[in-house]
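Read through the structure below, which is laid out as structure tokens, and then see the notes.
For reference, chains read A, B and C in written order, and residue numbers begin at 1 within each chain.
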Amino acid sequence: MKKIIKYVIADILSSRTIIVYTFVLLALSISIFSIEDNTDKGVVSLLNIVLLVVPLVSTVFPTIYLYNSSEFIELLVSQPLRRQSIWVSIFIGLAGAMALAFFIGVGVPILLYSYSISGIILIISGMALSIIFVSIALWAAVRIRDKAKGIGLAILLWLYFALLFDALVLFLLFQFSDYPIESAMIAVSMLNPIDLCRILILLQVDLSAMMGYTGAIFRSFFGTDAGMAITAVVMVFWMGIPLWLSMRFFRKKDL
Amino acid sequence: MIQIQHVHKRFGKITVLNNVNLSLKGGQCIALIGPNGSGKTTLIKTILGMVVPQSGKILFKEKDTAHKWEYRKEIGYMPQIGRYPENMTVGQVLDMMKDIRKMSEHELDTDLVTAFQIAQIMDKRMRTLSGGTRQKVSACLAFIFNPSVLILDEPTAGLDPLSTEILKEKIRAEKQKDKLIIITSHVLSELDDLVSEVIYMQDGKPRFHETLDTLKASTGTDRLSKAIAHVMSHQ
Amino acid sequence: MNGYLLYILNLCVCLMVAGTSCAATIHIGKQKAVRSIRQAIEQATDGDTLYVHAGLYREGNLQIRKKIVIIGVGNPIIDGEKKYEPIAIYSSHVTIKGLTVKRSGQSSINDIAGIKIYDTHHVTLIDNILKDNFFGIYVQASKKCMFQNNRLQAYGKTEQLTGNGIHAWKSDSLEISGNQITGHRDGIYLEFVTHTDVRNNLSLKNLRYGLHFMFSHDNGYYHNTFRHNGAGVAVMYTKRVRMEHNIFEENWGDAAYALLLKDITDSHILHNTFSHNTTGIFMEGSNRMQIVYNLFQGNGWGLKIQSSCMDNVLTSNNFVCNTFDVATNGSLMLNRIERNYWDKYEGYDLDKDGQGDVPYRPVSLFSMIVERYPTAMLLFRSFMVTLFDRTERVLPSLTPEHLKDDSPLMKLVAL
């Protein structure tokens, strides 16, 4: 398995997209930190990148990669290798590469310029989102044979998580504003890993506002050890479940 | 060596393999022939586990192969169209396969690597190779691990006459070592002096499975191509 | 010449007579002639000084009806045993210094305090420690009293079970300075109090307000720090207040304001720092306020100004790193907002006069939404919300049209 991971990573790196991605992130982070005199504001500006660009690239790039390396996968499948280990290796290779790219592109500048709790949470969130969206991309790509449709589905999924979901939540909020829906909203936010990460960072950078009436409810959940543990478990589910589904499909897939 | 029992495969609504039953023994060189879309490649891929049938069993040395992978150590596969990671060099592909198969250097069968002069193109990336050169690499990969079963899907397509001869020579040599060799090909004339048995597939079903000699005798011809033509015209 | 000598002689005699009557000192302690403070107060006459030496004194309710000075030596402790009011002052010109007064009784009918001052004047309390009392220092209907460098600590769990730290009612010309108040209901509470100076106090972790005053006109609050209180300062129904150089920090909670202004008029809020509060200033029904040279930093809401406020001036303030700079509840805006520095301002200054060329709108669309649907805070900083806010900034439709700074500063105001 280690060997396949090694070849997957070597293959990803030789495609250069990931290197360009790393450098773009790095350039963005450094320029944000050099423009903003206040490091907390730098973290906030980076937050937008983390919540938009990271999921987008982490979905679309692995999808394209999977379609482009269908030969490679075919070759591996005809070899004496377990299908599960091929798939897990591809996942680890992609997720590792995406997370590493994020860590170098955003994590290192944060550690240098803004070594704070909000910064650390941003790094962890970004890496978690990278892994989660690789997992989702794997699920999308394994189900659809057609490359164009597959990439389309990946972009749709990204749109859903990054935009449509929030619009739905806002709609629900307006509809049920007369009811005590705060706890329900915490549950709803668990359905979108991007929202989860965003709220975790909000509780750091907008702490003062989050101490207000409803914010306090979120804080009393996410601020406790139990709440953090539940959040962490939910994030792991977000990494694991799409991967598990895709693997079930891949075991029976005809190549 | 390989038993195929009641194998059934559909892609969507199209039935590609329809209740296939075959028994393939060692020491034979079997020609798998049939018109386009008759299910030859799918059958091969089913044996390799790349296509999962809806029903039926494939036994490799009396063991069920469903969701197993170890048995593939004993199979060398040369695909119809050799598709490899485009960014890797020939050398890297070879190294990777050696790495996956975990075979020590002295056990390797490097006859074809030498004969095809692969050493000269070790540093070339896969995407720069011509179709023929790719076939050469595929052939090397199929034979290099000295497997007891060789599955060759259109092995000579795209090869120049000299290389075809080298490959045929190698196939003959392997046949002497009591191996099972399965070849599909459209060029029937090539198979004449290679194969010992013939399987003729049509509409996802093997029409017949006979030795070459029986086939020639029953059709009264001395060449495989004529024999096949005879069979087809008398259906 | 003779007359002059006679005058000096006369003066000497007078001083000696006065000396015998004023300068008497009484020492109280286990090893002293007088063992109880009660006994000492009975013995004392106006102008005497009582030295209370180290030890624990449980003497119920001590009533001081003479002009005496009580000084603690070596930290004597006066214990109210959770039943009594340890010290009650009825006389003018009383000074108490260096005592530790603790464990007063608790009552929701009588406001029992560690030290209570009844209808008098010129009482001075210095360097005392008041611990675990219901009310700390309670003064009613008195004038010209001074409370300096006292430390008050209570351990209240709820607002009902705790009194205020320094509580003044219907008094005039007090001076409250250098005190440190923790764990009470309100740190300092003033009702119907006038002409009073509150300086250099530290009000920390009180359950309700750091400083609370109502109907208290013409007072000034300078250089105080209000930190971690339920709310910083609540100012209600008051005229002509000066609030300068105060620091409001980390007053967090669901209804937490660093400074709550309710029906305040003609007052000045200058040079204050509002840092990391849920809301910096909340204004309701307040008119003709001057809010100048303040720093609003890292607050959830910098300024919440209700549309019931009129003719206020907000100028030369710095707004930095607030989640929302300004929020309001209506579309009406009759206040002047100009020449402030807003770190979220994205305009330009082509004529290089230090002021942005396009107006800044400190009220974001999303802050209006959150005002109405607080749960929407959950969506803050999501891409969709950012998109909404951008659009609204370009084409204002829902945010109050006149709530804007026409000349936002490009650089921080030097404070």
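A few notes on this one:
Basically, contacts are C-beta pairs under 8 Å (C-beta built on N, C-alpha and C of every residue); 3 or more make two chains touch, one makes a residue touch a chain.
Model, not experiment: these values are computed from the prediction.
Greatest Cα centroid separation from chain A: this falls to C. Contact count check for A-C and A-B (C-beta pairs in contact): higher for A-C. Central chain (C-alpha centroid nearest the global protein C-alpha centroid): A. If you average the Cα atoms of chain B and of chain C, the two centres end up 91 Å apart.
Inter-chain spacing, taken between the CA centroids of chain A and chain C, is 48 Å.
One finds 43 Å separating the Cα centroids of chain A and chain B. Within the complex formed with chain A, the residues of chain B that make contact are 11, 45, 48-52, 67, 69-73, 77, 79, 83-88, 96-97, 99-101. Across the complex, chain B is touched by residues 3-4, 7, 11, 14-15, 68-72, 74-83, 251-255 of chain A.
Against chain C, in their complex, chain A makes its touches with residues 38, 40-41, 44, 47-48, 51-52, 162-163, 166-167, 169-170, 173-174, 177, 181-182, 185, 189, 194-195, 198-199, 201-202, 206-216, 218. Per the touch definition, chain C reaches chain A in the complex via residues 252-256, 276-279, 298-301, 320-324, 343, 372-386.
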